Each structure stands twice: as C-alpha cells, then as structure tokens.
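Next come two complexes, and both contain subunit A; in the first it sits with subunit B, in the second with subunit C.
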Partner chain A sequence: MTNNTVSVLYTWGQFIPEFALVALAVLILMADCFTALPKRVYAIVAAVGAIIGGYFINTAPNFYGAFGTIACLTTALVLLLAYDYHKVACASIGGGDTEDGTAELYSLLLIACAGICCLCKARDIIMLFVSLEVVTLSSYVMAGYFRRNQGSIEAGVKYLVLGALSTGLLVFGAAWYYGTTGTFVLNAGLISEFFTRQSSVYLTGFYLSVGLLLLGAFFKAGAAPMQIWIPDVYQGSPTPVSAFLAVASKAAGFAVLSIIIIPFARLYPAFPDKVGVLASGIAVAAAATLLVGNLGAICQNNAKRLLGYSSIGQAGFILVFFTNIASAATVYCVTSYLVAYMLATVAAFFAIAMVRTQRGSEEISAFRGLGKTNPRTAFLITVAFASLAGVPLTYGFLVKYYSFEAFVEAMQYQSGLIWLLPFMIVGAAAGFYYYFKVLREMYWEKPQEGDTALKVPVVTAAVLTGCAIAIIWLGTEPLMFMPAN
Partner chain B sequence: MLIWLIIVPVIAAALIGLLKMPGRATALVSATFTLIMGVWAFICTTFFPESCCIDCWSQVGGRELWLSLELPLSPIMLLLASIVTFAAVLGLKAPDKDAERSWAISTLLLSTGAIGAFVSDNIISFYAFHELALIPTFVMIGFYGRGDRRTIAWTATVYLGLASMVLLVGLLLLCNELQTYTFTGIASAIESGKTPSTGLIPGLLLAGFGTLVSLFPFHAWAAPAYASAPTPIAMLHAGVLKKFGLYGLFTLAWLMGPVCKDFFGYWNNLLLLLLLGNVLWVGYVTVAQTRLDDMLGNSSVMHMGYIFLAFAVYIASAGDNTLAIKGAAALMLAHGLTIALLFLLNGQIESQTRTLELDSMGGLARSLPGLGFLFALAGLASIGLPLLANFVGEFTVFVSSFAGWQPGATTAAAAPDALSGITSGLESIWLIGPVFGWIFGAINCALTTVAGWFGGLGPVQLTTVFALWGLVISAVYMLRAFRRVFEGKVGLASERATGLTGADVWSAIFLAFFIVLFGVAPILIF
Partner chain C sequence: MIQNLPWLFLLLPLVVAAIDWLCFSKCPRTAATLSTLSAMATFGLCVAYLMGWQTGTPDSYTWMFAGDAAGLPSLSVGLLTDPLAMRMMLVVTGIGMLVHIFSIGYMKGDSSNLSRYFAGLSIFMFSMTMIVLADNLAMTFIGWEMVGFSSYLLIGHWFHKESAADAAKKAFITNRVGDFGFLIGILLTLAVFGTLNFAEMGGKAATIAPAVLTATVICLFCGAVGKSAQFPLHVWLPDAMEGPTPVSALIHAATMVAAGVYMMVRLQISMGEAAFTDTACTVIATVGAITAVLAALMAVQQDDIKRVLAYSTLSQLGYMVMAVGLLAGEAAMYHLYTHAWFKALLFLGAGAIIVRCHHEQDIWKMGGLSKRMPLTVICFLMGTAALIAIPGFSGFFSKEAILDAALAKNPIFFWVGAGVAALTTFYMARLCLVAFYGTARAHGAAEAKEAGPTMLLPLLILSVMAIISGYGFVADSLVPYEGFHAHGFALGLPFYVSMGSLAVGLLLAYAIYGFGKRTQDPLAGNALSTALRKRLYIDDIYDKGLIGFVQSSLARAIELTDNAGVRGIGTLGTAWLIGKFGKLLTWFQGGVLRRYAVVAALGALVFLFLIASATFTH
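Our next item is the complex of A and B:
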C-alpha cells in the first residue's frame, strides 16, 4: 500500500513461489503419465500446493502481491471444488467412468495461478503482457475442457475469439505507449516527466494507449464494454473453471488495472486535469458496468449465468474505487472487495456444483425447497448470497460500503462525478432483488415430489461453513469493536 | 455488556435453527434475558445517571464496543424493544412445529436488529443492524403471510432496499463532511464549530428515514406488509423496528443542537405538508378499510404523522423545544406498545374466528369478554384516552408545538418557525435546483398566506391545528372496528370462537400493563 509510485526491482529469489507452482504443475503432469494414482488425489495435492504458494507470496512493498494471494487461495478452493465435481468431470471428458484426461485440468489451474502471481510483480508492460497471456491461454483450454459437452465447447470458442480481440487491443495499447513515451515501464516518475515535457499531440497518443490498455484489463475484470463474453462462458464452462474465471481471473484483471492506474494516483495534485480525465473515463465504464451487470441479472434463471451477470455488477462497484483516483488506499480496498467477493462466489459455486451433481440442473429452480430438506446447508448458502447482495453484518456489505465511501471521497475533489450515484444506488438495490431469487427458491418454494435431501459432500460442507464463518466474522468485527488504538 | 443483547438472541436463534431446539421455549429464555437487561438498563440510565457506569455498558472484556446508551433516546427505545419482544415471543402461536421454529428465529433476529440499531454508536452499524432486521421480515411475509404475500414482500423489499441505499448515501455524505463515523463524534464535531452543508444531505436523510417510517407519500409498502405479516413480525416491525427512522432523525437533530434548524430547516415546510398527508389522507384511507388487519396497518402509518410533527416542531425551534423530543419519545414508546398489542389481539381474533373481515364478525365480546376488554383498552389508548400511554405522548407533542407562541403577538412572517434566510444548497444542481426552488417557493408562499388568515399562526401551529382532526378520525375507525367485531349480533365467524389459552392472555395483559403504567405514571419516561 505504501510506495505505490516507485517501481520495484524484484530479485529471482522473490519468484520462488511462482516457480514452485509451475514445477508442481509439471510434476502432476508427469505423475499422471507414469503412475496409476487415482486422479482426484492430484486435486488435493495441487490445492495444498496452491495454499502453501499463496502463503509465501510477498505482498510488500506495494501490496500488489495481495492479488496473487487471493488468486492462490481461489485456486486452492477451485481445486477442492473440482475434487467434489470429479464424477461430472469424468462423464464430460472421457465419457462414462473413465478418469482419463482429468488431471491436466488441475495442473492448468496451477499454471494459470502462477501467471497471476507473476502478473502482480510486473513493472513494465512486457512482463504484464506475458504473465497475462499465461493466464489467458490456460483459461481458453479450461473453458472448453468438457469436450463432450456442447456448452463447454461453445464457451471455449467464444472465450478464445473475444480473448484474442482483447489481447490485440492490449498489444496495440502497448505499442502506442512505447511510441509516445519511449519506454515500456509504468511508473509515476516517468509519467510525470512526460506530462510536463510533451506537447498535446503526444498526449492524445498517450491517452489512446492508456485507454487500449484499460480495455485489455476490462476484459479480464469483466467490466463494460468488454463484458460480453462473461454470461455465456460462465454458463458453458465446467463449474470449477467458471469459479476460477469469476474470481481468480477477475483478480488478475484488477491487478492489471491497478498496475496501470495507480501510478497516476500521486500525480493528481500536480496534474488534476490530465489525471481527472482518466477518472472520468473510469467513471463512465463503472456506470455502464453497474447498469449492464445489475439490470442484466434481474431476468436470469440459470444460476451460473446469474453469477456471471453478478460478477459484472460487482466489477462495477470495484471500478468505483478507481474513480477515487487520488486515494492511496485503492489497492487495499480493491483487494478487500475481492476477498469478500471470493468468499461468497466460491461458496455459491460449490452450492451450484452440489445441486448440479445431485439434481442434474443448474437452474435457480433446482434450489427449490432446500430450506426444508437441508436447512443447515440452506443457511450457509443464504449467507453467501446475502454477502453478494450486500446484506449488513456480512463482509459483502462492508466492502460495498467501502465502495460508496470511496465515491463520497472522490466527490470531494471531483464533484462532477455526482451523476454516478444513481447508478450505484440502482445497482445495489437491484442486487437485493436478483440474489434473493435464490433465497426465495430455497425458502418460499416447497420441495417437489421426489426431491430428497441433498447429500452434502464433506469438502463442500467444510468450505461452505468456512466461507460463512469468514463472511460473518469479517463483516461484524469492524462494526462491533473499536480499533485497538 | 450491551453486546450480550446481541449475542444471546443470535445464539438462541442458532440453537433453534441448527440443533432443532424447541422454538418458543428457547426464544422465551432469550427474550426474558433481553427484557431483564432492557429494564435494568433503562432504570439504571434514567434514574441513577450519576451512579450508573456508562463505561460498563459499552465495554466487554476490556474491549471497547461501538455500542453505548449515551444517546438520549437509546434507553427508552431499548425498553420498548425488550418489552415488545417478550410479548411477541410469549404470545407466539405458529401453525406447526417447523413453523414455530422459523417464527421464533425471525422474531429473535428482528428484535436483535432493532436493539442493535438503537444501542449503536457507530453510524454504519446503526444502519447495518436495521438492514439485517429487514431480512426476516421479508422471508416471513413471503412464506407465512396472508393474502397476496409474495407481491407484498417484494414491494416492501424494493421500497425498503431503495430507501436504505438513499439513506446510506446520506449518512455517508454527512459522516464524510464531519469526518467522523460515530454519533458521539458528530456531537463533538458540531461543538468544535463544523457545520454540515444543507440541501442535498438532509433531503436524502429525510427521504431515506422517511420511507422506512412510511412517511407520506412513500408509505404504500407499509400497511399491506403489516396486514400480511405473521403476528410476531407485525408486532415487532410496526411497534419497534419502524421507529428506527424517527430515532435516527431525532438523534441527529439532538446531536446537532441549534445547527439542526439550518440543516433540516429547508425541508421543514415540505415535511409539514407530508405529515398532514399521513394524518389526514391515510387517516381517511383507514376509515375505509373492511378488514381488521388492513385497518391496523393503516392506523400505524397514520400515527407516524404525529411523531413527524414533533420532529418538525423540534427543528423549527432550532433544538430549543425539549418538550417536543420528550413528547416524541413518549409517543414512540406508547405507539409501539399499543400497535403491538393491537396486532397481537388481531392474531388472536383471527385464530378464534378464522377471518378478519369486519362484516362477518360481531358479538365476539359475548364469548370472549376478556379479549373484548383488552381490545377496547388498546383501541382507546391508540385514540389517545387520558390515563393511557398514548395520551401522554400526543398531548405533549401538541402542546410543544405552541410552546413560546403568543396569540397575536407575532405575524406569520415573523413566527418563530419562519424559514427566511435558509438556502437550499441545491441551486447549483442542473435542472433539480430550479425545480426544487419553484416547488419550495410555492409551498412556503401558500403556508404563509394561509397562516396569515389565522391571525399569526405559524406553519407549525397551523399544521398542528389540522393534525388535531386526526384524533377524531382515529376515534371513528377504532370505535367502529370495536363495534363491528365485539358488539351487536353474534356473527357467523364469531360462533367458532372457543377460548384463549393462558399464554395468549398473559402476553396481552403484559403489554396492557405497560400501556396503563406509562399512562398513569408518565414521570417514568420523562
């Protein structure tokens, strides 16, 4: 959080966690070839590896590493989800009961995770681009991984085509950046020098380059106007992969966004106009994202698609942090929001996977009557969706409140942004409507004939409970107790 | 200490929900604890403020809490919440065992949310607790409500969800301006000379809090929701939780002291018109109801007008008129107890006659004289009969609006509550500024002109005169309802009445006791 503007040189030693993750991924591939262990074991091994890797990620000196930690934790949870989802995976990959071809998914997840961790250490556009491509390329494969499932294939192709477009924009932006500034390095000192020295012709090119880079980041983060792929890909992809795309990949997007935007933070006092343009641009994107995500979610009936639109809506609230462009706490707020989003979204995907495995449907209506048949599980799912909706005393409320607070702070020096407020209010209120659709299905509907109680797998039960406890504890503690000093 | 008021009911709810403990019995243990704590806290802070250790209440295990009883209205609202919670749990009567568990959980959570809001010092947790209490309301109306329950639940959710967001923004803007996030912090910020900007912020606060209290014209959600909600939920929401908005407004105004006139003043004349909408418009709507539950729901909305009147008086006097805030506190307590009792009896009448249509009942007092007596008591209290709690509140509010006013001594323009010199702060906003300026100019002009015809009555006094007509309206609908349910020929539905159980009777008597107690000894709450 400190020292956002100075670019940092990392030593090779600091990349050990990333290399270890990749090494583990390769090891799993090899073991898969040469030993006859049951494939589900690899999921557990990989999950443990991801947690250990996440623990050693260095978040100093600018806190960007926190994005990597979030990614590692998500990857571990997603691997656990894949462990529970194994049966569906077998049927959709090899067909029948054969386990062939399931272990590669686990190593791909690890590689993508390593890519995100590297991304956080990027100090120039080249490294940014290369790390991002590691994530993106693994994601293309994973989205289309269930090759016997038409939806998955469609998701893979759509993601590939639109992803290639965004990569193109990113590269184009990088070229313009190099052309106008003469360097690939993103840092405040250089930009400051550039602002004072260059004529307006260069300035236009510079804005163009930043805009293109932002579009590339928006694609990953799922923000308008680059959000089009999200609902289809989330719905079609294997559920663990959807969870990964929804959380880890989004964290990568916001890591990129932070790396591009934060260098401008300290420049606001010196160049209020030139930096303010950037804030206005992000505000427009945030408003569009809030509108598209939250209004689009209202009419969804498929739970994964609903979470897709919800992820767009949540991205809108995260973007609001970046409109508070002079703030020094942006990265801290964004990562807090991502943690809250991760806890709730991963829990929601666990619930969807469980319902899909046992009731064969991913529609919201498949949750019917859970309040009667599985009251405890229904309560844990309620906590997750309540947190997404921003019900108070959950962590989801607190981070949404941070978002409003950031907006209020931004208003102090850019009062022109007031028009963003109605979008935020409508977005937050709409969230109550569409997330509660799941709760309504669980509590208001009676179970249909033949609906038996779901058998909750141990891993799912543990993760749901852990997420619920974390959501409530993180959400209540700051409101109940004074800070120590 | 105060944190146990939150932890104990939550644990009780968890025990009922997760370990399948018996619903009503477990909730009763928790509600008894809450009642003891609430009454003790009230006695302690009201009668022995010197020897009462405020720090003991706001600390636990050496850690400081964002909870306290330092705000003037906190103890009395805590008292109200704990009494109504106890009565609601005691009289809880669900259709079956499963339902009893979910009713008990919702009742506990709803009351915890309300209590948490009333004892919060941190403004965000004040807001958060109230929001939390809305969830059980929503679920319970949707699942166990009467009539078109899902539409009603969704309507309430959309209204309250939007209102909460507007309120949150208002609170955040205020906190950000004063650079503090606690109520006590606001007081010290005002003391050190900071002034909050007018116009937008108080407007957002009034709109947000107002919708939550069902201020006209944002009241459409309230009456159907109360009419539809299961008995304990209706009792707690109409009786306790709804007071959240008024509590918030009065607390902010009290903390701001003299500054409150500059802050809220711009909106005061509009508020006067709207509260007349509550008293008169909704009053006549109430008269037209044909079901008992609809009538009670609307009457609850109507009575909010009087408390808003007290607020307007308090603002117009720039925080000078302590009678207004005392009257409002007494009226909030009294109305909470009365409406809770009325909804409790409403539920018992329904379980006896299996209908709430006023036309199909009648003569119920013959088979159930005790029920008839209690309903008459609650109804008369609601009208404002002396020696019952509501009279104390209403009388004080009406009197307070004339405090400092002398007949003929002032002209309308120079009345103590004239609002000359207060600017909106909205002029600069495109489109909104001019439109608001025009509307407010018209309202102020109209009020001043009408006030001029009445020999120097200011807008506030004028509104009070009109609001007094609401007493007549209350009498009409309440006495008519009593006649149609309890007197006359024995209706078809009334023949089904079998008799009340002990718990039914005791929970009603418990509430009635407090209504009489605060009526004959108002000194307890002043």
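Our next item is the complex of A and C:
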C-alpha cells in the first residue's frame, strides 16, 4: 500500500489556488474587523478572487477540475448577488441601517468554494470527507446567516440536523470501505483487484459501503432519497446562499459522485455484472428524484421553493448520465449540464432577489406584470426559465437532449433500464408547466395598482444579460460543445 | 478570410434590417439610407464578382448533423457562387437597389412607419439572397419561408386597410399550402438522394425508381406552384397588389415569384434532366400552360392598372414554368431574366403614375397621361414593348426561345404560347390606349405631372435594360445560366406565328379602344366578361366551397374531438392526475424535521438494500 499514501496521491503545489482562496477569505475577515470600508467592497474583491481562482484551477491537469471551475464561477456570481442583496442583508442581520456582520458571509463563501475545489482533487476518502465537511460546515452557518429572520434560522437548523445524518452515513460508508478493502483510496486498479479476489460476503459489505458513500453524495447533489432538506432550506436561507447551495453545492455533490463512480465505470468492460448493479441502483435513485422534484414543483407558489424542487428535478436528469456507465463522456456531460443549470439558476435567483428587494415578496405572484413594466428584464428572465424547462435553442434544451441521448446509449447494453424512460418524459413535460408559471405571471397577469417598474441594479442587469446571451449562444452552437465520444 | 466575402450578401441586409427595426424605428430617413446603402453595396459586390473578381470558395458552416456518424447528411449553411447563382444575384440586387431608390420618392409623405417598410425590404433582400445562394435544399427552404414572411410584412404594410391585411394573410396561407408539398419533397429528396446538397445530387437519378422520382419532383414543384403563383394556387398574387407598388415590383414581379422557376432550374441542373421523368415534365408544363392561359384571359377584363400587370406576371410565370416542364431551363432563365427587368419597369412606371394621379389605380379614371407625364409614359411603353415581344426588345428574344423549345418538344404547348402572346398584346395595348391617350377622365389624372428624380432614374435605367438585355452581348454574360449563349432567332414558323399574334392583338385592341376615345369598356356587361372580371369564380369557389366547407364541418368535428378527447381527457385529465400525485409527494415536505429524518432514513435503507442485495446472487 506504500504507493497509495497521501504523499504520493497529492502534492502541496496542487493546492495553491485553494490556499490562495482561503488566504483571501482570512484577509477579508481581517479587513472587515480593522478597516472602515463599506462592506460591499469586500463582495467585489471576493468575487474577483473567486474568478481568478477558478481560472487557475482549470489549468491544473485534473480530470474533475471542471467542477471546481463551476463552483468558483458560481461563487463569484453569488458574491455579486450578495452585493445587490445588501439592503435586505443589513435588515436581516444587524436590523436596520447598520451593516455590521454582513461581510463574514463573503469569507464563508470563499472558504466553501475552496473546499469544493479541494474536493475535485480527492483521490481517497479521507480527502473527500475533509473537503466535503469544509463545504458543509460553512454552508450550515451561511444557511442560518440572517439571524433576525426566522426562516433563515429554521433553515440553518434543519440543514444541520439532516446534514449530520448524511455525514454519518458517509463516514459509516468510509469505515465499511476500509474494512472490506483495507484502503481509503478510490482507484480502478484496486477495485479490480478486489473484484477478482474476494468472495460474495466481502462483496456485499463492499457494495454496502459504496451505497453509503453514494448516499452522502446524493445529499449534496439533492438526489432522492436524500433530497428531503432542499425545499425548506432553499426557501429559508438568504437568497445568495440558496443560489450557492443550488449550484455550487450541487456541483460538489456531483463531483463526489463522479469520483466514486468513475473508477467503477472504467471496469465496466471487465465486470459488466458487478458494475451494472451500481448503474441500476443509480437508475432507481434517478427515477425517484425525477418524480419527487418535477411533480413536487407543480403545486409550489414560492419562487425559491420552486427552484428548490427544480434543483431536485434537474439532479434527476444529471443522474441519468451515470446510468450510461460505460460511457467515457460522463464527466463531460455532467459538467455541461451543470453549466447550463448554473447559467439559468443563478439568473433566476438574481431575478428573485431583485423582486424580493423591491416588492418585498418571494412568491411567484410577485413577478406579476413584469412583461409590461420591465419588458427587457422580463425577456431575460424568460430566457433563464425557458432554459431550465428545456426550450429548444437554449442550452438547457441541449443538455437535456444529451441526457436523453445518454439514456439511449445506455439502453444499448443494459436494456433492462428502459422503465426509467417514462419518468424522464414526465419530468421533462412537468418542467414546462411549473417553470412557465413564472412566465405566465410575468406576461399574462396585469400589474396591480401601485406596481411600478422595477429598478434593475447594474450588476443584476449585467449578470442577467450575460447569462441570457450565454444560454442562447451555447444553445445554438450544438457542434461546438458536443460530447467527446 | 477574403473568401468569405460573399457572406456579406446575406449578412449585410440582415444586419441592416435588425438595426432599422431595433434602433431607427423612429428615424425613417436613417433607416431608408441604411437600407439603400446596403442594397447598393451588395449590388456593387455582385458586379465585382461578375467582372471576374475571384476570392475563392466561401466557407460553409455546419450547424448540426442529422445522425451520429460523419458522412451523413447535415444541416448546414453554405454559399453557391456559380454563374447561375451570381447572375441571379445581379437581377435581385440590381432591381432591389433600384426599387430602394424608387421607394424613397414613392413613399415620401406616406404616414405609415417608413422604418418598418425599409426594414421589411432589407429582410426581403436577405431572404431572397438566401434562396439564390443556398447550396442545399434545407437552406433554400429557410429562405423560402423567410421570403414568405417578408412578403407578408410588406403586402400588409398598410395593415390598417382591411383589404391589405387580408391580402397579406391570403398570400401567406396560400403559400403555406405549397410549402407543405415542398417540405415533403425535400424529405423525399433526402430519402432517395441521400443528400440535400445540390453539389452531391448529380448522377444519382438513374438508380432511383421513376415513380419515386416523379413523386419527389412533383412534391418539390408544389413549392414552386405556391411561390410562383401557378394554378391552382395563383389566387394570392393579384391580391398581393394591396402592398406598396415598389414592393409589387420587387417581390411580386421580378424576384420572389420567380424563385420557384429558379429553384426548379437549379434542381434540373443538379439532379440532372434524367430526374425529371416524362410524367413530372408533363404535369409541370401543363400547370404552366394552364396558368399562362387563364391569367392572360383574366387580365383582359381588369380595370386596375396594377392588377392587369399582376395577371400578366402570372401569365409570364406560366410561360417560364412551361419551359421548365419542357426541359428548357435555359429558355426559362432567359425569360425570367428579361422579364425581371421589364416587369419591374412596368410596375415602377405604374407606381409613378398611381402616385401622380392621387393614388388612383383605375385605368378608366386616367387618360391623356402621355401629355402630362411623357417621360414616365415612354418608359412604360418601353416595358410594354418588351412584354408584348416587339422584335428588337428584350422580351422578344426570350419569348422566342421558349416558343422554339415548345415547338421542338410538343407543338401543343407552342400553340398555347402563341395564343397567350396574342392575349398579352391585346390587354397591354388596351391598358396603354385607355390610360395614356384621349383626355383625362378624372380629377387626379388631370392634375398629374412628371414623376420626381428618384422615381425617374430607376425607370430610365430599367428602360435601357428592357431594350438591350435580350441581345447577345448583354445576355451572354448576364443570363443566370451557366454557359448561356443567345442564338438570336431565325425566320421560321415561330417567328411568323408570334408576329401574327402581335398583329392580331394590336389590331383588335385598336379596333375596340381606339386612341382613348372610349370612356368605358365596350366589352363589359356580358356573361363572359363578368366571369373574367370575377377571376373565373376560382376565388369564390375557394372561399365558399373549400374554406366554407372545411371550416363549417371538418374543422368543427376536429374541434369537438379536440375539446373532449385531447383537451378534456388528455390534457386536463393528465394534469389533474399528475398535480394530485405531486401534492401527495410534497406531503413528506410538510416542515416537520422528524418526518424528514425518517423519510430520508427509510429511503436510504431501500437504496442500500437494492444495491447490496444484487450481490447476493453473484
């Protein structure tokens, strides 16, 4: 086992971007204490830092680096969202005019982001667990960050309790993994050796461990049966934090999932039966996720809660990529899907934050009449929701199409999974209904008396425009980002 | 980089249209200038290419593949810059440019939104270019629909007039009928030829069953029937005259309506003449001949100057389609090319006359115009001379080419052509005699004065083209057909017959109408002339019989099924069921933390059992 010790798996130099991000977080924390700059400045500084960090993470020669880049980009966008959301933050933290205590959030976001980046480099369960806990622990604090807001406190507590449950499962899985294999390293060679050597008793324990690890990943990714925390926490958390949880944290979940599954997937040609078990297990989870997320979303009236269910539903489509277990393009497809999801979801949260700040409500009905009062902004929001629903010519359509394509490919060697198809179809169809609820509110409902046009903050306008352009551009260039299979 | 210069043909008008629409909708002057400049620029570029400037093959752009593997047909956008396309571009951009210039004068003082008008012209130029330069049928189809769309916008430019709005709808919907066949034809082509690219179709026809080929060609021809307004879908073109006259000149005379002929000739060249089976050819030629005869008959009894010209366009398009059916693509393109110039001239001339007569279009309320606006009238007469094929004018050469081809292939079509020629001469002579000679019969005509410079200039240029464009020294390098060679004419049967038709038409018209001595039509009043005036009741049959029947019975039955089955059980039922189910699922999410933990734990157990139990059997 000497060749799998930590010193061989990792080098210090690999983690420079993460160290830099943490250092920036500490610097901001210090500056917040000892200087009198307006707190919003730190959000911008942190956002710039996150983008630079994301750039360097991508250059590391690393298979899962894309997840880290997505996380960094999301963190930067979330920080910008926090910048625009400052007024509500002041009211919900210090109560009223003081902006004391608003800047720690920026540090926490950076630290969580560094955790996700670390996570992408994990090759063994220890590193995986530690970096995942970095993300999770900072997320607990962030979810309950608006301490004058009851919903936020509730979200923090619920997240903490359910998170503890999932962490428990993950650690339990790690223990079983070590117990059956004698190592913490996740590596195709080791697993292959194990498969050829061990009897079925060990094998059951081994699968139990992998199942438990997967459940830990499902919690972060928001997949059934561990999706249960999502609606309440998204609804209660401060909107920028909800956006972070919805995108960056989900990316972390899928990074963990990929790190666990891909070594197995490599072994599919050699052990089709043994690896196929995992594929069918994931297919069951995908079906449940699609069902719970998409159908649960139908009767929601709160925009943030709607996006919570939507995040579950989209996770179902991402899980489908993992059922195509023999594919070499899984990570590519998953990250593409995450990019599409990020562009649309972040834009949607920006819109919610803007409506919440100016109309005081997060209900879908607060979007009423935006098509009349703010036609341009309404159009940009439409693009975001259309992409989530999967309207052709948006990137959201394309990645959903990839998901179906992956399924069709999976059918060619494990036709027993065909029962998953109706779930996908129902999920995709239901999406049109609940995402279009927002559009209906914007275009079909008339503005009520006293509804004035929203003032669109510069940052929000820029991000909405950028996301809309990216969604349409990527959506109309199908050849540019074809899966490399 | 430089090889991609031809893309400007497409992009320039498109960008200008977008800018006009989005940025200058309140500044008509800027919009007009931009559109006109873009038309001039594309014309200049086209001339440069025809002068022999070469920049290499433009890149094509593949949007997506129709299948997974390489080598399968793809959806792509590429440009063909062979002589057929580039010379057709000259017609499109040349007439387009003149129409833009003419429009500035024609639309002066019009209260509608001129930015919209010029943006419409630019989007039309883009769409038409798309058809002309398309290197595959899918791209042609996109252009095909886009010209339909721009024609809809421009016919309905004065949409506050109900007749204009109706005409726009009629044109669009009638075209959709033809396009449906066209789309089927395109899919058939993809199926039997295995490609949509014009360059790759050649030589494959011999391996395909004749019946399939016939079906494919006839389906594709449906597109031409709609766009080129052939019988039985010809009804939209006369109504399209509700649009501004320059639009009629550009779209409904010179370019768009000729796109059907262009497309058929393009197919004939790329698929090879073997693809056009005898049956398909007979169908095409017959449809063309029927259109030519019917339209010429209807034109005889029209009083509206633009409608006379519209029917004459129909009839001339019938000629071209007949030539396509006779496998004489060269003659068809020759006539398309000369017709484009002189018919644009006639329409623009009519436009100038209409404006100067205070928007009066009835020829019986004109009269004596030859004295009041002599230059315009002379230009108009040049166009008429070309249309009725007086020897020496451009139309004579091209019509002779078609008659020659008809005599060689099938004498029936030759005699039909000769008869139509006599009718053409008659109705055009009637129009000129009534409108230009005698004395003014209405207030507007009495006050008419010469057209302004922006209107006269295009008329003069087009008059020159109407005269010289048929001669070999111009035609050989400009007729949109590779290796075209004008072989002049020989004294023979076709020549004598067409001279006979000309003489008959002219003499009859003079005998009946004299030099403007009549104040009303002596032919009117009897059953035949009423039938001709009412367009042989074809429109009425469509309105009352077809549309009435379809709407009252068929559509109602479908609506019932739709309401009860699709909407009731299908949509509402499913929505209700799924909504209920969704509500059930959210019961877990009631907010009680303990319940959450229990549900998650139970779910986790099920998942673990599923994964671990599968290994028991191994």
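Operating definition for what follows: the second predicted complex is superposed on the first by the 463 of 485 C-alpha atoms of A that agree within 3 Å, B and C clash if a C-alpha of one lies under 4 Å from a C-alpha of the other, contacts with A are read in each partner's own complex, and residues count from 1 in each chain.
Operating definition for what follows: a contact is a pair of C-beta atoms (placed from the backbone, for glycine too) under 8 Å apart; a residue touches a chain by one contact, two chains touch by 3 or more.
No experiment lies behind these values; they were computed from the predicted model shown.
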Fit or clash - subunit C, subunit B, common subunit A: clash
Subunit B versus subunit C, judged by how many residues of subunit A each one touches: C
First, second, both or neither for A:87, with subunit B first and subunit C second: neither
First (subunit B), second (subunit C), both or neither touched by A:376: first
First, second, both or neither for A:433, with subunit B first and subunit C second: both
First, second, both or neither for A:455, with subunit B first and subunit C second: neither
First (subunit B), second (subunit C), both or neither touched by A:148: neither
Where subunit B runs into subunit C (options 127-135, 163-171, 199-207 or 379-387): 379-387
Residues of subunit A at both interfaces, subunit B in one complex, subunit C in the other: 433, 479
Subunit B contact footprint on subunit A (complex, rising order): 372, 375-376, 379, 386, 391-393, 397, 401, 404-405, 408-409, 411-412, 418, 421, 424-425, 428-429, 432-433, 436, 439-440, 443-444, 479-482
Residue numbers on subunit C that touch subunit A, as the complex places them: 62-65, 575, 578-579, 581-583, 585-586, 588-589, 591, 593, 596-597, 599-604, 606-608, 610-612, 614-616, 618
Subunit A-touching residues of subunit B, taken from the complex the two chains share: 3, 17-18, 63-67, 98, 122, 124-125, 127-132, 135, 138-139, 142-143, 150, 154, 157-158, 161-162, 165-166, 168-169, 172-173, 176, 429
Interface residues, subunit A side, partner subunit C - complex: 157-158, 161-162, 165-166, 169, 200, 203-204, 207-208, 210-212, 214-215, 224-226, 228-229, 231-232, 273-274, 277-278, 280-281, 284-285, 288, 291-292, 294-300, 426, 430, 433, 478-479
